[in-house]
Amino acid sequence: MAEFSQAAIIGVSLGAQYALLALGFTLIFGILGVVNFAHGGFYMLGGYVAYSCVAYAGLPYPLAVLVAVIATGALGWIFELYLLERMVDDHLATLMLTLGLYLVMSTGLLTIFGPLSMEFAFPVKGAMHLGPIYVPRENLIVLAICLTTIAALWLVLYRTDLGRGLRALADDRAIAMAQGLRPKLLFPLAFAIATALAGLTGALVTPILSLSPGVGDPVLATSFLTVILGGLGSLEGAALAAFVVGVVEAFSSVYFGGSIGALVLFVLVLLLLVFRPTGLLGRTVRGA
Amino acid sequence: MLLQIEDLWVRYGGITALSGISIDVPEGETVLLVGANGAGKSSTINAIIGLVPTAKGRIVFGGTDLTHIPCERRARLGIGFSPEGRRVFPTMTVTDNVLSGAFGLGRKRQMEALDWLRSAFPLLVDRATQPAGQLSGGQQQIVALARAMASFPKLLLMDEPFLGLAPVWIKQISDAILQLRARGTTVLMTEQMARPALKLATSGYVMRGGEVRRSGPVDTIRDLALADEYL
Amino acid sequence: MRHLLLAVAAIMLPATAFAQSCELKIGAMGPMSGGGAQWGLSMKSAAELAAAEVNQQGGVKIDGKTCKVAVVSYDSKYTPDGAAAGANALAGQDIHLIIGPVGSVENAAVKPVAARNGELAWNAAYATNAQEPKYPLMFQVSPPPAIWADLVIKRAMKTFPMKSVAIVVPNDQTGTDVASVDGAAYKANGVAATSEFYQRGTTNFAPIITRVLATHPDAVDTASSAPGDAGVIVKQLRLAGFTGPIGRVGGPGTAEILRVSGGMDVLKDFYWYEAVPTDDPKVQAIDDEYRKLLGHDPVGGTTFWSYLPGARMTMKALQTAGTNDADKVAAVLRTMPVEDPNIGKGYWTGKKYFGIQQTLFFPFGIGIIKDGKNLGVERQEAQPE
Amino acid sequence: MRRNLLGWADLIALLVLAAGFFVPMLTHSVLVYSILNQVFTGVIAAESVWIMLRMNLLSFATPTFMAIGGYTVAIAGEYNVTDAFLMTAASFILPALVAIPLGALVLRLRGTYFVLVTFVLSQIMQLVLFETPSLTGGSNGIAGVPPVTLFGTEMGTNRQVLEFACGLAMLATLITGLLTRWFRQHFAAIEENEILAESLGLVVWRYKAMGFVVAAGISGLAGYSLVNMLLTAHPSSFDSGTAVDFIAYTIIGGRVSILGPVLGTGALVYATNLFGTHGQYAQGLYGVLILVVVLVARGGIVGTVAALWRRRTS
């Protein structure tokens, strides 16, 4: 029973992190039609910026996270506006561009910071123990921030003009433009929000786990899996699927071990595809 | 003249869709483009809003040459657009669909538009929170129309608003167009179903094979327009 | 954009532009990007230092001419394809002496290719088939766990008595091989051992740790997990309330584990294997020498130090052989005494385990941290086979 | 209308590859052999990507089927079955057979969803390889695969390995050329507008399935070529990340013609080897190259050359 509760706690905290990443990934895909291979790169960058702020500039950690969010968002903005925007309708070209960016980013970070993991610790330490069950305090804080961010994102998307504009562009770009929505303004903004989410996740999670060049690769794989499960372009689906992935990963790893556990997740995704080819909450998919 | 089209050519790859048409839309009037499928009606509308590029010719709206103005800026100049096949934003609620037509106008004007449209189309109240993709064709047409009107446009473009609709919806939408006209909105609409559309229009153009065959006040084109309808 | 192109061109130039009259090139090949970048870059530092030392003394005499030694590095990306391509690319530049590759994954692919090309290479692979008699040009800089695991475990048990251990490793070749070797060594010492494999690319180990702790082991051994992973494992083990000793009867990287896990207070009780006695001031002096000769810091650490003796001996063998021919250099190498000015005296080993005596066995270290205090790395002398 | 079996682009591609047979007469450089070997393997893999792109499907499944082809050869080698013709057939047919049920699953998907799902397929293959040590050697892979035999003669030298890889690449190009030429209009219709094609009476799934199965077979040939070059079948050779390389080859080369994958592979493999000697900067330089080509040379190498040619002649 202790194991069961422990797995559930781990699953939920994994799910919240995955949700932040997958929401950004889905946002970029849904609105721009771009598969962002650099998503893991922005996660990494978020971690390194926050680390640099703490280690070199002596900023307090919360401020460092804020700087990381702004920096990753700004880079996303610039990348979309100056490179991606030129060929935003060519899905293969945008895929290659994000891939190229990822390679450049990871090489850049490796060159600047070296190959070793950084000494980057979360300022709040320790765990709360309830009998055999424990909950690390840092995980609670990160969970709270993740959930708050998801709620804030939801408010922006569903309760503001900006969100309506973004969703309209996601639904039908040509018609949205004909209604006067400005992609030149909204696309970079959407990309920046998404990369800032990845940066935020990186700044929050890397001090809990580890920060080294290469921590971005698994991020991409997890985002893919989550988005497939949730249904492409569906933000609710991505959020829901993120928690499913987190919980399944936790339970299967606890009960079947690491490598079989990963297989369980994949098999689950395949099974879902047999019965529901559009994912949990997906709709008909636009062509690439 | 609110909208003036002079010698407009549109080409898709090797195919010429419009070969040098000229159309005038006077302020306050409802102008109808009729013709069979492939006559070039939608190409004309799409060229005005900027969804297809013009190969040659000029489109002047309220004194501004639209030729080199991108699509999204044209809408902001005061052109409302209700596209062929409705194309509402399927995942967004009815209210959000309508509000997206008034993007960036500020909260006050958006609410004003919403109140006005809701009083004109009670459907918008009944189905306010339903995703537009789940509505019937006629209901979607109302939403598309309301979305196009939400920015209080000077010119409203309507591409085949009756397409595939039951008579009860045609009636509702016709009433709405008449209301608009009463408010002084200029309308340019296309329609294959000439009969109900002719009741609404003040003047019209009959198109065939990418060219204008005849133009003038409604009465002068009625016979040709109806001949096409049964073609 | 033009600036970018110029920059690319500028980086590409040195490889071709300075074809001096006599320059002998040696290779440094390993992962220099991605998760394993530390290894490849450390190896490169070792090759650079060995070359710089030779150059300082005027270079090597090859076929009657005195040549400067230059290091050409190749990023194998920690893949077999990359490593095989690297072995070929280096051979294409007439390079027959390679410092690297590092891991089993690369080594498996390099073996046949290097044999075909006549290249001598140095690995640090832990795989049970890392060395094979049919590949006589392959050498090893340090022995695999089978040679020292027993010694490390015996020493650890003196400080940390234990009855059971859980070994946590990735499900790759090195992981599975080391888990079985370590497991056998623990069992030989009367410790019940279980292995727990995690998927490569795992970032959060909390589920694995829940599973491990359900079996209530006395100790947990992170064996050959990447140092970054091991650091997270330590951190999360302690968060979960595990108070037993944590070991690392596997690869180097304790400094990195210490950084990632959050320091001595977290690490608490820890024992590990070091390929060289890292606390020895003579070993640490290697870094100063590197700085003196090359003017900047090495990508340092145990991998750097443990690759250096192999690189130095290769230079010496090259000098004696007077030729770049891998077979001749290898022949000299095999007869050379195992000795290094910084590390000390060692032996050739490997015959019993691999069937070929081409593995360097130098003095190594066993480190102990007890109650959050670093007791230091104890020097262990190498034993002749 | 008479249908040509092959177009001029296919013939040029075959000629370019055939030049590989003559390289050993000019040079014995290991580097040249190595690069060419990688190019031939890469061309085969990139062609399987290209076939799917004909139907507007971007596939990351190439390594999955490469693994099946490669491991087929490696396992057969353990039983000393090394006949070139037999193994070529086997490394084509087995992946193609596996592709039938997989295709039924994934071909229902389109666009980016297809991209992501095929990416996941290649990750599943990795886990399958790890979890079946008795068959595939698990994480150790299968080392020491014997060289192929052609008419009973062992093809073990560098030169013979190169010639065999060249032959496989030409075979793959021939199959790709025949397939895409034969179904040219069908593929074009699907690429242009699948829904429209379907409404016009084209049985879309049949052509998609055909393309997917043949592309899988060709990937299998690439796996054969790779294993024969490395003499090792190892899970990390078939990592999902390698799919990215094959896609890059195709897109950088240009997706408009079969010359795209051929030239793109040549250029990028050469660049990889050039950058490889710059150690830690290799990946970044590769990334810069991709960015530059995509931004500056739209349509890839072939598309850009064609555009320049048209500009000159018009």
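In order of appearance the chains are A, B, C and D, and numbering begins at 1 in each one.
Note that a residue touches a chain if its C-beta (ideal position, glycine included) is under 8 Å from a C-beta of that chain, and two chains touch if they have at least 3 such contacts.
Computed from a predicted model, the values in this text were never measured in an experiment.
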Neighbouring chains shared between subunit C and subunit D, ordered by label: A
Longest centre-to-centre distance from subunit B, chain (CA-based): C
Computed distance of Cα centres, subunit D from subunit B, in Å: 50
Where subunit A and subunit B are represented by their mean Cα positions, the distance between them in whole Å: 41
Centre-to-centre distance between subunit C and subunit A (centres being mean Cα positions), rounded to whole Å: 34
Averaged-CA centre spacing for the pair subunit D and subunit A, given as whole angstrom: 31
Junction residues of subunit B, two or more chains touched: none
Residues of subunit D engaged with two or more neighbouring chains: 127, 130, 280-281, 283, 285, 288-289, 295
Contacts with 2+ other chains: residues of subunit A: 106-107, 110, 217, 221, 259, 262
Chain contact topology (line, ring, star, complete or other): other
Pairwise chain contacts under the document criterion: A-B, A-C, A-D, C-D
Partner subunit D, residues of subunit A touching it in the complex: 29, 33, 35, 37, 83, 86-87, 90-93, 95-97, 99-104, 106-108, 110-111, 217, 221, 224-225, 227-228, 232, 259-260, 262-263, 266-267, 269-270, 273-274, 277-279, 282, 285-288
Complex contact set, residues of subunit A against subunit C: 3, 6-7, 10, 13-14, 106-107, 110, 114-119, 121, 125-127, 129, 134, 136, 205, 209-210, 212-215, 217-218, 221, 249-251, 253-255, 257-259, 261-262
Subunit D residues touching subunit C - in the complex, by the definition given at the top: 29-35, 38, 127, 130, 138-141, 143-144, 158, 226, 229-232, 234, 236-237, 239, 242, 272-283, 285, 288-289, 292, 295-296
Complex interface listing, subunit A residues touching subunit B: 158, 161, 164-165, 167-168, 170-172, 174-184, 283
Subunit B to subunit A touching residues, read off their complex: 49-51, 71-76, 81, 83, 87, 89-92, 96, 99-101, 103-104, 110, 133, 147-148, 151
